[in-house]
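As structure tokens, the structure follows; a few thoughts come after it.
The chains carry the letters A, B, C and D, assigned in the order they are written, with residues numbered from 1 in each.
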Amino acid sequence: MNKEINLGRREALKAGGGIGLMAVLGAYGLLNSTAAMAEWNKAAFSSKAMDEAFAAMGAANPEVNATAIQLSVPEIAENGAIVPVTVSSTLANVEQITIFVDKNQNVMAANFIFPAGTESMVTTRVKMGQTANVVALVKADGKFYRTAKEVKVTAGGCGG
Amino acid sequence: MNISNVKKVILVLSLTASYAAVAADAAISDSDRIEQYREMISDGNPADFDEMRGEELWKKPGGPKNVSLEKCNLGKGPGVVKGAYAELPRYFKDTKKVQDLESRLLTCMTTLQGIPEADITAKPFASEKKASDISSLATYVVGQSKGIKMAVSLKHPKEKEAYEIGKRIFNYRAGPYDFACSTCHATSDVRIRMQDLPNFHVQKDAQAAFTSWPAYRVSQGLTRSFQWRLNDCFRQQRFPEPKFASEVTVDLTMFLAVSANGAEYAGPGLKR
Amino acid sequence: MGNPMKIRAAVKDGVTEVKILMQHEMETGMRKDGDGSLVPAWFITEVKAQYQGRTVLEAQFGQSVSKNPYLLFRFKGGAAGEKVTVSWVDNKGDSRTDEVAISA
Amino acid sequence: MNAKQFVGIAVTVCLATATVSAQAGSKEEKMLDAKAAAIIKSDFRDKGIAKADRVNQDELQAACSKYLDDVPVDLKIKLEDEQAKHIKWPADGNLMGDWKAGEKLAQSGRGMTWSDKAEDPAGGNCYNCHQLSSKEIAYGTIGPSLLNYGKKHGTPEKAQRRAYGRIYNAKAYAACANMPRFGHMGILSEAQIKDLVALLVDPESPVNK
């Protein structure tokens, strides 16, 4: 266990030290070579309300489906700066999963695109300014579905 | 299986069970929900980056003398980092003092590398704008004790004395709020706001608390050292500021570290 | 150039699980610093993970993704020793690429 | 007694027997007390509004530290009487302020730290230790729950007086209480304490809803 972590660290360090220029070029190449790379959806990411964001994602009135989408969030977040979110789906042909926080100033947090062969699940962490709903939007076979769960963001004492 | 393990099993079950079932279960307390949150963020600790930074600093020549810290003796011989933190604080013959990790790093940085002490102690803690070398070094060193049992010695008379003085500091009430460490940390099963408070008179609590620092603090986006932990406790206690790596901090650390003996060191941690 | 990521990739029963921790401030552009002035928005906008030259995950981030972003996902295939490469770019045009060998 | 408490006590006893070898009141103990006092004096420094002299104890703090908050009963009574003497009751006889302002104060944990500014309004820190509303889940348990305070302490006049006195100086009622002396130490103003009294006693406040 410990050994694995150390190996990981050393590799990351190597990458950080020696091959700076290559890394920059590499990133440029990777992110620009493939024509299929979806564009950063400015309209969706700057939406202030859920309806607006759904529309910008081409998903007006997505069907509510809490069984085919599994949204895992903590009931209480000790700190709104890190709220873990896992979304997975049992729907066939999931192409895209999008995560929103309905009371954040910009409601859309992240969008994930799943090529064939990648499992329909992702875990990430989002910021929440206050108690709010985390909303998951799933696109499968060209159709949109959504579900939501509330996360309570609490005020802390000195803590830990 | 002890109580906390049972709790963990319940939590894992509740994580996999449906949300509705969990919400309906009145047996799940808010403390359990907080524990569930901590469990969910436990993988992927940004303290790893501070560890990496510290390792580089440890191995890279630096200071006016342009030498690395690889000859620094943290108590287990020059250059031995593995397991060193699990035995700190300890008495050091060369300085004739009991030292915690950060005061020992300070000794190495000043003597081996020739860095003026004031350059280090002026800003010993990381801030949003600037990382702290001594703090990153500490994060690296503690990471090398992960999984090793805490075994802080009280054999040397000076170690014993530091422990005894530390205990007195722990119970010392002063300031506008009349607070001592013991005001919040000598009773079991109480919390401040939503956070459970460790009772340092209970070994299990003391072990869990001590072995999870240093830690990445989510609220600050920074990895925090044990000296910082004490510094911020005193701030919230409404005390004046303890001088960095001073005897008051080392002796208090000694008292807390000894009460955590026997537990596997588990840091760097990840905290709210 | 951005700071290094920490990437772990492990294959089990024909499925590779990838965990990524990126180093990035992820400033929302709405936060004030100590002096009361607004800290400009600075955040990763795009992430791409590739395995043997094939894209296995694409992501776009907004300002609401946490500081030091974390990702976990799984794809079918992968063998010990093969490489997973992850890249990101941020809204200032900064970027970073790191790769890791899949462990068994 | 539950299993957890039992383990706790057992461990505490073990620690106590293993580590405390010096006899209370012995020469060695006195030397350690003196060394601890000297270290505390020398190792703290001014920062912001928190000046180094804050480590100097008053009589009550010294007694509570010395006896680990369990002072002999005659000393306890003496200390409490002394504290009670200095409670300053409002000259106008009115103890009630605005519960809404009180709730804001109760939520705020600010005040008196070296990162607070002298001119910034101090908070009451109440939720750190007490439950005061059934709506706020982030409350501490160091102090008792104060839910329904107004209904539990007799006539409004009695409840107000009880609340004012305890917020002003909790040590007048229990010498080594954990609670700060908000009025006595100048942490909160008379008007602020009245707002907190209203929070506790006003039938419209979340405490009594």
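Please note the rule applied: a contact is a pair of C-beta atoms (placed from the backbone, for glycine too) under 8 Å apart; a residue touches a chain by one contact, two chains touch by 3 or more.
The model shown is predicted, which means the values in this text are computed figures rather than measured ones.
**Student:** Where the centre of all protein Cα atoms falls, which chain's Cα centre is nearest to that point?
**Tutor:** Taking the mean of C-alpha atoms per chain, the most central one is B.
**Student:** Which of the two pairs, B-D or B-C, is linked by more C-beta contacts?
**Tutor:** Counting C-beta pairs in contact for B-D and B-C gives the edge to B-D.
**Student:** Taking each chain's centre as the mean of its CA atoms, how far is chain B from chain C in angstrom?
**Tutor:** Computed from C-alpha means, the inter-chain centre distance equals 29 Å.
**Student:** Chain A to chain D: how many Å between their CA centres?
**Tutor:** 45
**Student:** Centre to centre, by mean C-alpha position, how many angstrom separate chain C and chain D?
**Tutor:** 47
**Student:** What positions in chain B touch 2 or more of the other chains?
**Tutor:** 30, 44, 48, 52, 184, 191-194, 221, 236, in rising order.
**Student:** So which stretches of chain A touch two or more other chains?
**Tutor:** Residue numbers touching two or more other chains: 9, 12-13, 16, 76, 81-82, 84, 125, 154-157.
**Student:** What positions in chain C touch 2 or more of the other chains?
**Tutor:** 3-4, 6, 67, 70, 72
**Student:** Using the touch definition up top, name the residues of chain B that touch chain D in the complex.
**Tutor:** Residues 3, 30, 154, 161, 163-165, 168-169, 171-180, 182-184, 187-194, 197, 199, 201-205, 234-236, 238-243, 246-249, 251, 258-259.
**Student:** Which bits of chain D are touching chain A when the two form their complex?
**Tutor:** Touching chain A: residues 107, 109, 127-128, 137-138, 140 of chain D.
**Student:** Considering only the defined contacts, which chain C positions touch chain A in the complex?
**Tutor:** For this pair, the touching residues of chain C are 1, 3-8, 15, 26, 28, 30, 45-46, 48, 50, 54-67, 69-77, 85, 87-89, 95-101, 103.
**Student:** With touch defined as at the start, can you tell me which chain C residues reach chain B in the complex?
**Tutor:** 3-4, 6, 19, 21, 23, 25, 33-34, 67-68, 70, 72
**Student:** Tell me, which parts of chain B touch chain C in their complex?
**Tutor:** 43-46, 48-49, 52, 128, 221
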